[in-house]
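Some structures are shown below for you to check.
One chain, subunit A, links the two complexes that follow: it is found with subunit B in the first and with subunit C in the second.
And now, the complex of A and B:
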């Protein structure tokens, strides 16, 4: 169906003595939405943050195993984490636009990464990114207003526009809709479905219904283990592992 | 049911309530069938009418189960086995309602037969009726405890009802050929036997639902079936 974008082999993550991720092997597919689900503290966000080296900033964090994007080790010495994060974008739970204009929020990435040569190209990237993030119509006449003046749902779509402005190959989303109302949530979900035609999307979510709605593949994490990974339809209708069944049906595990 | 309970206990109550409603409905369907069979055996018009009237309650059961299951799906967004229990509840309720309709049809034919004299052949029909009733009881037991093995067993042994039907068919047709005055009553008996055979098929449909609830996949369609019938009395 699709090919592997990020291959993870025997990944272990430690925070000091805490063994947060235990021997996880999973292939993240290209042009596919993969959902990570599991109870709080199960390691799903930790694992997500390994995929663009966001854990590098935590000094007590130690990662072993192989994480290969298109066959290349993303933890190799030759890899610049800043460059990596342009290829593997991230959207967080709380919308966090820069205290800058809407335009500058989106233009920032392409500028610092030197992806554009002139103002016309930059304008084009900003417009295209805002259009892809399904917010262009709402902001096109107010691009110079502050990003923080937007509503929560608009801010989140602005952050998505910012993340895709650097033309990433993978988009990581950590609870991207948990702070939004149902309408804004539906817009984000519609957007995720659009994005998967171009990117590999990985989403961490506490909303099982959301995982079921937006993803094609689902991985269930529990206490640092990846318990089960498979087609979303299978995971939610007929999971193999009792722990998965208990979690998705809302039972004590 | 999975041994673990839901964190939201009201969800467990909702599911249990629906499962209990189906058990009740099954018991009621069995009563309609038993009354209709008694009416056939005794050629009793009063009992026949009773069975016909009893069937109406099954329609209410079906409606109620459908409505409750739909509500729970909308309010609790069930997943995996919980979802299968609810979807199957709707299908099983429909199946039991059909079993009620077929029993009612048997009662209607009993009403017709009650006008005539005694018919020799009724014995085999009563036997087949008993076997059908037993099969219905067993499937409701399997449903109550979500016993997938028992459900499969019933699914496989339904072929016995098929064979009983085939043998009654031959018997009745021979009887009608011998005595053309018996064609009216004989036709009624044939329909009664056919209705019983259909009820048997419906119980196997419930078997399939139980298997699906427990295993999350269809039972398949390789069920053993009786030989197809020819139109000659003796092959």
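And now, the complex of A and C:
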């Protein structure tokens, strides 16, 4: 039996007057991969950013409703977003490596949180994270080069390595394979599957096949509404809503 | 009359612009796609020729000063002739765009050339005068650079200076000490103010403070100068008395502090721009890893902005080294070799002013003045080269 990791009730998000998320209620399960699918601009990224309070950094953004993680309201006054984000990691839609060395990019989180206390352990964490993000082979001889000197797809994997190096309980991935070739994509999907045994993973993707391959649960968003949420196999074989059916069969985008 | 002539050049240029344009359109039988260059390029080509020839003729004519009517006639006639020449034989294939662009490139090149030539001219005159001066010293450059006594005009014998009295060490030390004091004040305050403005201040505060900083940066330094002499220096002296310290009424400290205050706005305004241009996505990336705001600023934002911050600091240093007014008023004019910031010192720029504005014959004073200027130029040049190196190194590592 899997438990609810993050419970969302009647969540509304506004950017100024723009009502970007409309009354969304959804339970994200522990030890499960949940896929968010839906047309561009429907609010997938926006909703994802609610789960680690990254929307706090946008001054025009307003959120109402309840989001509980392990039963605790993450928007409560007593909750420090800094501590929350250490538990809920995120990979952004656009790769954003720091202008530091590849090594320092990955070591950044573990250093800040004091996860390791000596250089050898840190080296190990960095190596393991880069290996799991399927980029170790490409960068192992150039760990001192700048992270920004990598290609787009390499940067994307570096950011994944950076996110998993802090060992979060929940990992939010916003289109983590959008710039990857089929081989790297397969490796990232393998990583996601492996992470599922310990963590809860939420992935935004525009690839139906990817959603079908890696996720157990799928939520379909459309113009700020969460139209349908259920087992991935159900959503893809037996959608209830006409809009879901149209989207997964490619009748609108 | 000159005005009328100038006006006629512009009028002719506009006239031929339209004329060429229309000819180009008719050459294409009204179908623009047939043309190699769009009609406006044909127009531009004629315009540039008429304008350039007209202006050149006007300038040459003004130097020769013929009768105004003659000048008018020649200039207008030449312009018109050139205009007719450019409109002749316009066909659909005429490469007017390439020709016009070549002329524009030439104009831009000439403007850049003026800037470069002026600089080269100034440097050459510095080198030349310095050479002459050193020659008159019998090439005792060592005495010039390392001598500890500066009073070039007091030991004059038949206009020849005594090498023992032209040591610039006191001026060098004074300049560096004042610059150091200024930067000790301006660098941290400027940087912290910039961090506050770009990372913590609300939009409203920023909208207020930023223009104010820019206004502050534009206050003439004379104003700061008498602020230094009338307010800061006496205040320092009295404070010193309180603690039993002897602070002269004119001191390196007073000048340094005020110069520091003067350059804070420029440093913070520039550094703020630089920090602001660090992409938000980098901050987001750091925050999403559970970093605090302080960690994000210290470990991600500042390193990313470092080359720019460094340039901002360097601008501050250049301004401090070159500052004259404040030093004259607050630090004194006597060349005094000391490492004590409580005493009066003088700087290179101040001594240049003293030499040039003094009673001594300008041709005698020019030698040491130019040599000082050349030394100052070398110092700032080295500083800039070092800075460029550092910035480039950081770029390589961090971009």
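In this text, the second predicted complex is superposed on the first by the 243 of 253 C-alpha atoms of A that agree within 3 Å, B and C clash if a C-alpha of one lies under 4 Å from a C-alpha of the other, contacts with A are read in each partner's own complex, and residues count from 1 in each chain.
One rule holds for everything that comes next: contacts are C-beta pairs under 8 Å (C-beta built on N, C-alpha and C of every residue); 3 or more make two chains touch, one makes a residue touch a chain.
All values reported here derive from a predicted model rather than from experimental measurement.
After superposition onto subunit A, the modelled positions of subunit B and subunit C are compatible, with room for both.
Judged by the touch definition given at the top, the superposed model places A:224 against neither subunit B nor subunit C. Of the two partner chains, subunit C is the only one that A:85 touches; subunit B does not reach it. By the document's definition of touching, of the two partners only subunit C reaches A:54; subunit B does not. When the shared chain is aligned, subunit B comes close enough to touch A:249, but subunit C does not. Applying the stated contact rule after C-alpha superposition, one finds that A:238 touches subunit B and leaves subunit C untouched.
When both complexes are overlaid on chain A, the residue A:153 reaches neither subunit B nor subunit C. Of the two partner chains placed around the shared chain by superposition, subunit B is the only one that A:208 touches, whereas subunit C remains out of contact. Set against each other, subunit B and subunit C touch different numbers of residues in subunit A, with C touching more. Put simply, the nearest alpha carbons of subunit B and subunit C end up 35 Å apart when the two models share chain A.
Comparing the two complexes, no residue of subunit A contacts subunit B in one case and subunit C in the other.
Here subunit A touches subunit C in the complex through residues 52, 54, 57, 59, 82-87, 89-90, 92, 94, 96-101, 108-109, 112-113, 146, 148, 159, 162-163, 166, going by the rule given at the top. Across the interface of their complex, subunit A is touched by residues 2, 4-8, 11, 77-84, 216-217 of subunit B.
Across the complex, subunit B is touched by residues 208-209, 212, 236-239, 242, 245-246, 248-253 of subunit A. In the complex of the two chains, the subunit C residues touching subunit A come out as 203, 279-292, 295, 299-300, 303-304, 397-399.
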